[in-house]
Structures are given as C-alpha cells and as structure tokens.
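Heads up, the next two complexes both have chain A, just with different partners, chain B and then chain C.
Moving on to the complex of A and B:
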C-alpha cells in the first residue's frame, strides 16, 4: 500500500514537473506547478514529515505561487508575449552556452549522487533504526530544537527576511519631489 | 479494509452536511436580509419559502454549462472544483463532540490554515480562466484581500494557540470544559476545572482573547469574501467578480464553497475561542448543569448552535454595513488589526508564563 502510494505520488510530482517545463502556456505551467508542490507534500506525508508537508503548502502554494501569479497578472501583455515567443523545442539545442551549462550541471549532480553514497550515511542509518511513529507529536520537537540548537540560523534567517522587507519598502517608496 | 469504508462514509456525510447547510444557509440569508430590509423574502415555495433554494438548485443543475469562447477551458472547468475542494478538505480536522472527530491529527489548526489558502489559487484560476476583465479584477482583489487578512487572522489564532499549547483541535476543545486534564482558571485566578461551562471558555480563561476573537472574526469575514469585505464581487462595479462567467452546476459549486467557508471559519472561531463543543451552562453547587449537558449528542448540538450563531452574525453584518473601499480595507488590515493582533500575541506569552 505504502509502496503503491509512494510511486503514485512520485509519478504525479515528476509528471507534473515535466509538464511545467514543457508547457507553452505560462499560466498553465504555473498552475501545474501547484500539482507538483502538492505531490511533493504527499511525499513528505509518506515520510512521516507532516509538519514539513503542511508548511510546504502554506508557504509555497498559499504564498509564493500566488505571488508568482500576481506578478504575472500585473505585468503587461507585451512582456508576456516576448516570454512566450520561444522556439517550440523541448530543449533549445541551438543555444550552445546553455547546452554546455546544462551538461556541466548534470555532470556535477551525478558526481554528487555517486560521491555521497546515500545508503551508508550515518544519519540515514540512525533514522532507519530509530522507528518514528505516526502518532508522534513532531511539532514540539521542532519548536524546542528551533529555540535551542538552531537558534542562531533561525535568527539569521529572520534578520535576512527583515532586510528584504525594508529593502522592498524602500524601493517601492516614492522619492520626495519626483512624481 | 473496514476503516477505508468508514472514511468514505464520513467524507460523504460531511459533504451531505455541507450541501444541506448551504441550502438552508442561502434560504436563511434571504430571509434575514428580507427582515433587515423590511421585506418578506421568498414566500411561495414550501412553508415560508423554505423549499426556495431546493428549487433554485434544481434549476441550476439543469442549466447548460456555457464555456466562453475566449476562456482557457481547462482552467475554467477546474477552478470551481478546486475552490470547493480546498474548503471541503478543511472540514476533515474539525472536532464535533468529545468522541467525534473525522481526523484527529496533531497539526489540526495549521492544516486547516494551509488548506484554506489554496482557495486563493482557485479564485485566481477562475479569474484568469474566464478571460474577462471583470473576472480578473475580482480575482486579483480577492487574492490581495485574502493574503493581507491571513496575517491578522493568523496572529489572532497564534495568540489563542499560545494559551492552549497545542494545535490539535480536539485537545483545544477538551481544555475548555469539565473534561479538561489540566486545571482551568477563570481570568487566570479562579480554578474552575470542576465548574466548567461558560467560565472555562478560552475567551474567559484569558480575557485578551476577546480582542483576538474579534480580530479573527473580522479577518474571517474578509477571507470568505463576505460584505463588508466583498469588493472581489462588488456588483456595482464588477458585475459579479471572479464568478461572472460561471453558469449552472459550476456556479452552484462556487456558492457551495462560499457557504462552507462561512461555516468553516465560524467553526474554527468557536473551537479556539468559544469553548468548542463544551456547554455554556456551569455546575452550580449540586445542580450539575455542565456535567448533565456534556456528551457526544450534546456536543454536536452545542457546537452547531454556536457555529450557526456566528454564521447568523456574519449575515447580519453583511446586510447592515456598507462595502469598504480598497484603501480603507488595507488601512484596517495593516494599521489596526495587525498591530492589535501582535499585542494580543505578546499578552498571551506573558499570560502563559505568569498566570497559568
């Protein structure tokens, strides 16, 4: 049962991600991205990371995806027309630098996967033996860890977000004198 | 395999409830609006017009599904379903009585909050898919409004969650009555865990939660696109907003989503602030009113009464207040509700540390 669900979710995620990349219609690919994110959330649930799954939906679906759509709908028709005027090929093979970059990136990724030796990592072995139960309240654990062990990264991220907010407010503000 | 059958039956039951609620919600809304505006409302079909919406829905289902020629067909067809399913999924985590909850998950509240946010996406999908100026303007307004009002609503809920210390809605409900495992204190001083009733509700356990509840209630009006926050479907300027182009069954689905959303946000408000399925009657000496009126059947009755009462207030407000302008709407959200919600959250922290 779990196996079947995993493959179903993985198929949905990968399939929709492929559609996102291939689709000619930009809006449709944004909405397809929603399916990808949902499939990913399902995979998280199967991995007993329910908090991560729900957070994924809140942040990516409720926040980022809606913002992308907003930016899309606020931008003018001309900009969108240029964005959609690509040659209708799956990969733009005639663009040599991009092909080179993509190929090199593929080499890097494959290298990382082989070097990492995922099956023998110590923390993965520990996770296999520790047996997390479905009913465990993971959020208490996450909260305590965020406020003790990972306090510095947590604070650093919040400062970074604060900077982004202040920057956005500054850019969008009208300068005095100029209209 | 047996519990899969149970799951399906529960899901169907919830869907039936949503349908019946919408039918009578629309009817009572028309009756209430008629009462407020000194009219009669529907009178012809059935006793006091009570079968009017049933007749309406039969008419809607028979209508032809018209897809505008310029519309993006896939998005247009899927949008109402996504809007409704997003709201309907939220019902999975709502407790109805001490032993009656469809899915007792420890992330309950957070899950509901996440699932509701998908509705925005459905509305944007409807607006874009219709390929119509009014629809897209309505969808953009709606999305802007829902995103902005999620912030005060979220912080008001966090203020309550800091008092309850759990996201599991069933445990939140348990804490607010005589069935509570930990002590309940009225206003932080008087131990009322044996008295229960009204005194054990969250808004009386920590009185600043009354403000948080009002903030949440106002924000929830905005999130379900109800007047005075109904600029997304402002009839005088946008025809009908994001659902201008929908006909027949699709229009019915959008309506179903709106009314289930009203009920859902009321239920969340009731569960977190107004004592969930707990009775309002306290134990007075030997007259154990609270103990007599606690149980599975009583629980369903109390929570339904409270939630329907809140829905009634939503309707009352809709037919009393005029629509807000966009700038007034944003001013209210960012300059009044958000700071107040932050203050509530601060008080909650102090309250939990020093008084509980």
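Moving on to the complex of A and C:
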C-alpha cells in the first residue's frame, strides 16, 4: 500500500515536472508546477513529515505560486509573445546541450547514490532497529526543538526573511525622476 | 518497503529536470521555476533523511528553514524581474546586456 502510494506520488511529481520542462506555454508550465508541489507534499507525508507537507502547501502554493503568477501577469504582453513563439520541443538542436548536461548530471548523481549506499549507514540502521514509535507527538516535538535546540537558526532565518522582504519592497519601488 | 535510496532517486531526477529548465529556458520566470524545482529536490532529501531522526528532528527542521529561504529568494527574485522588465521591456535573460550607466 505504502509502496503503491509512493510510486503514484513519484510518478505525479516527476511527470508534472517533465511537463514543466517541456511545455511551450508559460501559463501551463506554471500550473503544472502547482501539481508538482502537491506531489512533493504527498512524498513528504510518506516520509512521515506531515508538518513539513502542510507548510509546503501553505507557503509554496499559497505564497510563492501566487507571487509568480502576479509577476507573470504584471510583466505584460511581451512575455506572453515570447512564450508563444518559443518553439522548443524536448530534443531539438537548440537545447541539445542542456538535455545533454542534465542527462549526464543525472548519471553522475545516480552513480553517487548507489555508491554511497545510504541504506546501510550505521545511524540509519540503528534508527530502524531502535523502534522509536511514530506518534502524533511529531508537531509537538518540532515545536519544542524549534525553541530549544534550533533556536539560533530560527532567529537567523527570521532576520534574513525580514531583510529579504524589506529589500524586495525597496527594489520594486518606483523611482521618481531617474531612469 | 520504501527505502532511502528510492527517495534519493526521485530527488535526483527532480534536480536534473530543474537543471534542464534553468539552462534551456528563455524566460526569467521559467528560470525561477527551475530553481524552485532544484530547491524542492534538496528539501525532499532533507525530509527523507529526517525520517530516521525522530528524536532531534534535524531533517524536518532544516527542511522548514529551506522552505522559508525559498520564499525569501522568490520574493527578491520577482522584484528584480519586475524591475528588469520595467527597464528593458523584456525578461529574456539573453537580451539583458547593459549596466545602469
């Protein structure tokens, strides 16, 4: 059951990511990215990380995707024209180098994964045999860890987020006079 | 039984698709989507390893941090894209070839 669900989710994720890569229409690729994000949230649930899955949906789908759609709408007719005239099939002479690059990179990463043999790492074997129960206390545990063990990264990321938002607001401000 | 290697293979494929999108597309927004795909592949790896760390939850915690980082990146990148569009009337990264002055 778990395995079937895993393969279903992996198929949805990779298939829609493939459509994102080959779609001619920019709007279609943005909406397929939406499907990819949902598939990834499903994969997170299968990895027993329900809180991360919900956060993924809230932040990515609710925030980032809407932001991307906004930028797409605001950048006008020109981009639509570019997106329409861009005739790229997956394998054509124009993007042969990029297909080659991505394919060779995939071969390298897969080699590394099989060489690394992560299933037999000592701490993972210990974790499988030690029988820490999967329970509802996951979110509880995350909250406590966030305020104790990971407090410094938490504060750093909050400062960074604020800086990024202020910077974004400053960059996109209309300048009077100049330009 | 789903093993760690399965998750890592899915993540590797996703990363390579993102790389393909980043390299081949002629539109800054699509390049940004490619970067998001690559970031998501990294987050998937973090979560998959976090499955075996139920006490300290390091994997899930840093997955959350990476998601927030992605949100910050996107906000700044979209502001830059809008600004570039205002100056050049195009967002094709190949055509952006002038500095401010």
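Here is the rule we go by: the second predicted complex is superposed on the first by the 131 of 179 C-alpha atoms of A that agree within 3 Å, B and C clash if a C-alpha of one lies under 4 Å from a C-alpha of the other, contacts with A are read in each partner's own complex, and residues count from 1 in each chain.
As a convention for this text, a residue touches a chain if its C-beta (ideal position, glycine included) is under 8 Å from a C-beta of that chain, and two chains touch if they have at least 3 such contacts.
None of these values were measured; they are calculated from a predicted model.
**Q** Just to be sure I read the superposition right, which of the two partners does A:139 touch: chain B = first, chain C = second, or both, or neither?
**A** first
**Q** Touching A:54 in the superposition: chain B (first), chain C (second), both, neither?
**A** first
**Q** Please work out whether A:73 is in contact with chain B alone, chain C alone, both, or neither, and reply first, second, both or neither.
**A** After superposing on A, A:73 lies in contact with chain B but is clear of chain C.
**Q** Who wins on chain A residues touched, chain B or chain C?
**A** C
**Q** When the two structures are overlaid on chain A, which partner does A:37 contact: first (chain B), second (chain C), both, or neither?
**A** second
**Q** With both complexes overlaid on chain A, does A:102 touch chain B (first), chain C (second), both or neither?
**A** second
**Q** According to the stated criteria, A:28 is in contact with first (chain B), second (chain C), both, or neither; which is it?
**A** In the superposed model, A:28 contacts chain B only, not chain C.
**Q** One more residue to check, A:164. First (chain B), second (chain C), both or neither?
**A** A:164: touches chain C, not chain B.
**Q** What part of chain A is shared between its chain B contacts and its chain C contacts?
**A** 51, 55, 63, 70, 138
**Q** Which of the residues in chain A end up touching chain C in this complex?
**A** 2-3, 6, 10, 13-14, 17-18, 20-21, 26, 29-30, 33, 36-37, 40, 43-44, 46-49, 51-52, 55-56, 59-60, 63-64, 67-68, 70-72, 74-76, 78-79, 82-83, 86, 88, 94-95, 97-99, 101-103, 105-106, 109-110, 113-114, 118-119, 123-124, 127-128, 132, 134, 138, 141-142, 145-146, 149-150, 153-154, 157, 160-161, 164-165, 167-169, 171-172, 179
**Q** Across the complex, what residues on chain A touch chain B?
**A** Where chain A meets chain B, its residues are 25, 27-28, 31, 34, 50-51, 54-55, 57-58, 61-63, 65-66, 69-70, 73, 135, 137-139.
**Q** Within their complex, state which residues of chain C touch chain A.
**A** So the residues of chain C touching chain A come out as 1-10, 12-21, 23-24, 26-27, 29-30, 32-33, 36-37, 40, 43-44, 47-48, 50-57, 59-65, 67-76, 78-83, 85-87, 89-92.
**Q** Please give the residue numbers of chain B that touch chain A in the complex, ascending.
**A** Per the stated touch rule, the residues are 72, 74-75, 105-107, 110-111, 113-115, 117-118, 120-121, 124-125, 128, 136, 140, 143-144, 147, 150, 167.
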